[in-house]
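Paired with subunit B in one complex and with subunit C in the other, subunit A is shared by the two complexes that follow.
Let's turn to the complex of A and B:
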């Protein structure tokens, strides 16, 4: 019996170890090592901290970094504000028959590639786009206005692409909530505000945390939406990474940027889990 | 406040209005993309110039429809192949991982489990570049030491497959583990008592029980791979996947052929989603 189990362990653990070692640990160690290397004046590869020094001395780099982080936080908050009423409506207000249909409808757009969704917004919003056409032919606008390529549109696009990852955990946490909790509070004379802050929000807290973590991470690491909707000066940190790799071919600098982004994302996720006292495994499943 | 409580009129109306607006916001870009795929115009924009299937069927020389556009057709094919390989690999390793973490005990299990979850919270761009750097360093090493050139280690089809596999496996692991947690261990014990080997137990009892989770996660793995952009961006070689190919076209100016591709994507993924839903309705999970 004992023997069988050890054999099972060996069979199961080998592919898992290979996966994690070769595709996760080794590449990230390599990323760190690459970021600590550079070329000296003679063109030889040497150990150096220059890549990180560049980040702090070149204003544009850390400015973009801070900006990306702040915007990712704003996107997370906005996504929560936009999707929470929807999750509440589906789980608590609309009749149960309709709620299944609304949930399916809600998930459908997210099966489609992010690129297609961003492209849809581009043909809606650009100067020759559909909304401008409708507004000018209705006489509401004299001349078409460029609605793409600014920060507001970029934020909207980021919220749009990450809504699913907020709304699904919200719905599942609100679904588990017993309606009689709200009814009891109501009968005891609590105002809707009190019910919301004292009962609903604490109950939905696990869903809010896992949704926020995923949305934040996705917004921080997004490349498509800022690039296509944010225009020339959108200054998203992933674009800096891309430029170092593909345009400047300075892989050491790019690795340093990548490592900084990874550190920031891990730090915020860790803080989020600590504050809400959750485990990573619970937050993800 | 909720459906069982009396509510004010203004509150319900405002709430319903918000929900309607939300769904319009949700579907506007997709619906407009689909509609403009059939517009008889050279630009994906209004005004409406009449219904046309040119962007699907035209053979040129002025317009080339999707069916005759070899670059897009090729990239669709590359994406299908990538997605098939990624789903096979990630379902295999993910299911083995679920068995490992749910049914085995060993030292350092918690730490390994934590490590197995991290790919989902690492930004996709970072996974892409770190794999690119490693493959490149390995390639240089082999070239310098043994004088052999391994094309596999340059941005290529297989590197994309590995990059996507590295995080989609975690997703499969979570879905299959959730199902395995609901498995009644007495079933296994009964089979073992009756003389089955562990392999037979897995083959005839546990795997059939896991089937819905395996098929479901396989389908989602296929879609995740098919639409992946961030990780693939740094790993694609000459065989571009569909999202990357579309991105290059959108970046360099748009033609309604992108709408035609999007239309097909929207229709096929929605059909898949509905089939998946109907199947899961038919066999309710215990």
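Let's turn to the complex of A and C:
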């Protein structure tokens, strides 16, 4: 019996371990080694910290780095603010029959690829796009306005692409909440605001945490949306990495940036968990 | 002084369905008042209206003489113990009990003092820092009651709080609740479909059926003098025999299997199809003397339902197949009776209660 259990565990865990080893650990070790190498004046490959030093000395790298981190946090907060009322409405207010239908409606846009969705936004927002056409023909605008290629549009695009990953954990954590908890708090003298802060938010906290982590990481590592909707002035750190690898062909520099981004996301998530007093294991289970 | 709860012409409808049908009643200060009824009789709707979660369609609801119609649940001087308890899982026992006091803006030392004294009162001293998930069913129960009692409400509403407990614990909690109520003196309004809970604990019981109160009385009166056919059938065990009246004043009835009995009419017994109610313990085996007020008939024992002090017989009258439930006295006087024996039996006229069939 025990041997069978061991064998079963072994069979199931092997693909996971292989996947982790071959696709995560090995490439990362390779990248780490790469980031610590550089060429000296003679063109020979040597061990060096120059790639990391470059990051701290070049202002543009710094600037992009901080900007990306800040915007990713803002995207996470905005996504939460947009999706929480939706999740609350679906789980607590409409009838159960309708809530399944609404959830499907919510998921439907995510059946098409991110690229197609971003192009959809571009068709709506560009200078010759649908919204400009409607506004000018209605007489509200004299001339078409370029709505693409600025930070606001980029943020909106990022929030839109991340919504799914916030709304699903929120719905599942709110679904588990008994309505009588809300009534009990109300009965014990709590105002609607207090109920929200003391009962609903703490109850949904694991869902909020796991949603936030996923959304934050996706936003931080997103390439497509900032590239297509953000335009020239909205640099994203992933674009810097891409440039190093593809444009400059400086793989060592690109690898160093990659590791800095990894360190940054880990640090911010760690800080977020500390501040909200959540545990990673609890949030993701 | 105004009664704690005064309900006037209270009515609640959901579309065509009448959940609570024009109720009028008062609850006295410091009493243990129960509402007993089958599921779907409207008792939970009534409770939710008192707590403020539902608005009455018509009528008035006064608590200590104050009209509650525009007062939201968080401002009413009543607290509700929920059926599923609804303890807050993200807080420990102490925080759960302190929740309401914090909302009232009570100072921290005062909160601590009152929570401690209440923990002691419900025998949970030392459990303050435990998580809700660490408690047993009975302990959760007591936390839920403490959480409401700490606010010193005018009226504590309890919505079948013992429903989720197992039988033994329920028996124990019944006694504890009754003691607790006598101890704190808060008015309890208890909702249940379990007649034993209502009879054991209450000072007064209202039997509810189809949104109406059939009878409001003391548990003893409810049992011995049920006012309507529904109460007679719902409260306590009883034998129900469909009968035809053969003569009235004094009422004499004939059962479907031909037995003639003298009976006491309750309510309007003008029609000649009636229902006869006889409690199992009012059937006396081998009555010592024949008295003119006692109906006599022979019983054939079909089965003995042994249940300790609560042992009963299933017996038929003569050759008929209609089985009567007969309670055996608690002494061992009838221990010798076996299956198939025939024993003389008698029942007093006052214990044969006839109600009109169908409506109340």
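The definition used in the following text is that the second predicted complex is superposed on the first by the 252 of 285 C-alpha atoms of A that agree within 3 Å, B and C clash if a C-alpha of one lies under 4 Å from a C-alpha of the other, contacts with A are read in each partner's own complex, and residues count from 1 in each chain.
As a working rule, contacts are C-beta pairs under 8 Å (C-beta built on N, C-alpha and C of every residue); 3 or more make two chains touch, one makes a residue touch a chain.
What you see is a predicted model, and the numbers here were worked out from it, not measured in a lab.
Room for both subunit B and subunit C is found when the two structures are superposed via subunit A, with no clash between them.
By the document's definition of touching, of the two partners only subunit C reaches A:189; subunit B does not.
In the superposition on chain A, A:199 contacts subunit C only, with no contact to subunit B. Of the two partner chains placed by superposition, A:256 touches none, neither subunit B nor subunit C.
The larger set of touched subunit A residues comes from B, when the choice is between subunit B and subunit C.
Between the C-alpha centres of subunit B and subunit C, as viewed from that of subunit A after superposition on chain A, lies an angle of 90 degrees, to the nearest 10.
Judged by the touch definition given at the top, the superposed model places A:155 against neither subunit B nor subunit C. After overlaying the two complexes on the shared chain, residue contacts for A:75 are found with neither subunit B nor subunit C.
Looking at the shared chain after the overlay, A:181 reaches subunit C, while subunit B stays out of its contact range. Contacts of A:50 after superposition on the shared chain: neither subunit B nor subunit C is touched.
Put simply, the nearest alpha carbons of subunit B and subunit C end up 6 Å apart when the two models share chain A.
Overlap of the subunit B and subunit C interfaces on subunit A: residues 183, 186. Interface residues of subunit C, counted against subunit A in their complex, comprise 51-53, 72-75, 79-80, 82-84, 86-90, 99-100, 103-104, 147-148, 151. For subunit A in complex with subunit C, the residues that touch the partner chain are 178, 180-181, 183-191, 194, 198-199, 202-203, 205.
Touching subunit A in their complex are the following residues of subunit B: 1-5, 12, 15, 18-19, 22-23, 25-30, 32-33, 36, 43-47, 92-93, 96-97, 99-100, 103-104, 106, 112-127, 129-134, 136-137, 162, 165-166, 169, 174, 177-178, 197-198, 223, 226-227, 229-230, 233-234, 242-243, 246-247, 250-251, 254, 258-259, 262, 265-266, 269-270, 272-274, 277. Per the touch definition, subunit A reaches subunit B in the complex via residues 4-5, 7-9, 11-13, 15-17, 19-20, 23-28, 30-31, 34, 82, 85-86, 89, 92-95, 102, 104-109, 111-124, 128-130, 133-134, 137, 160, 163, 179, 182-183, 186, 192, 195, 213-214, 217-218, 220-224, 227-228, 238, 241-242, 245, 251, 254-255, 258, 261-262, 265-266, 269, 280-281, 284-285.
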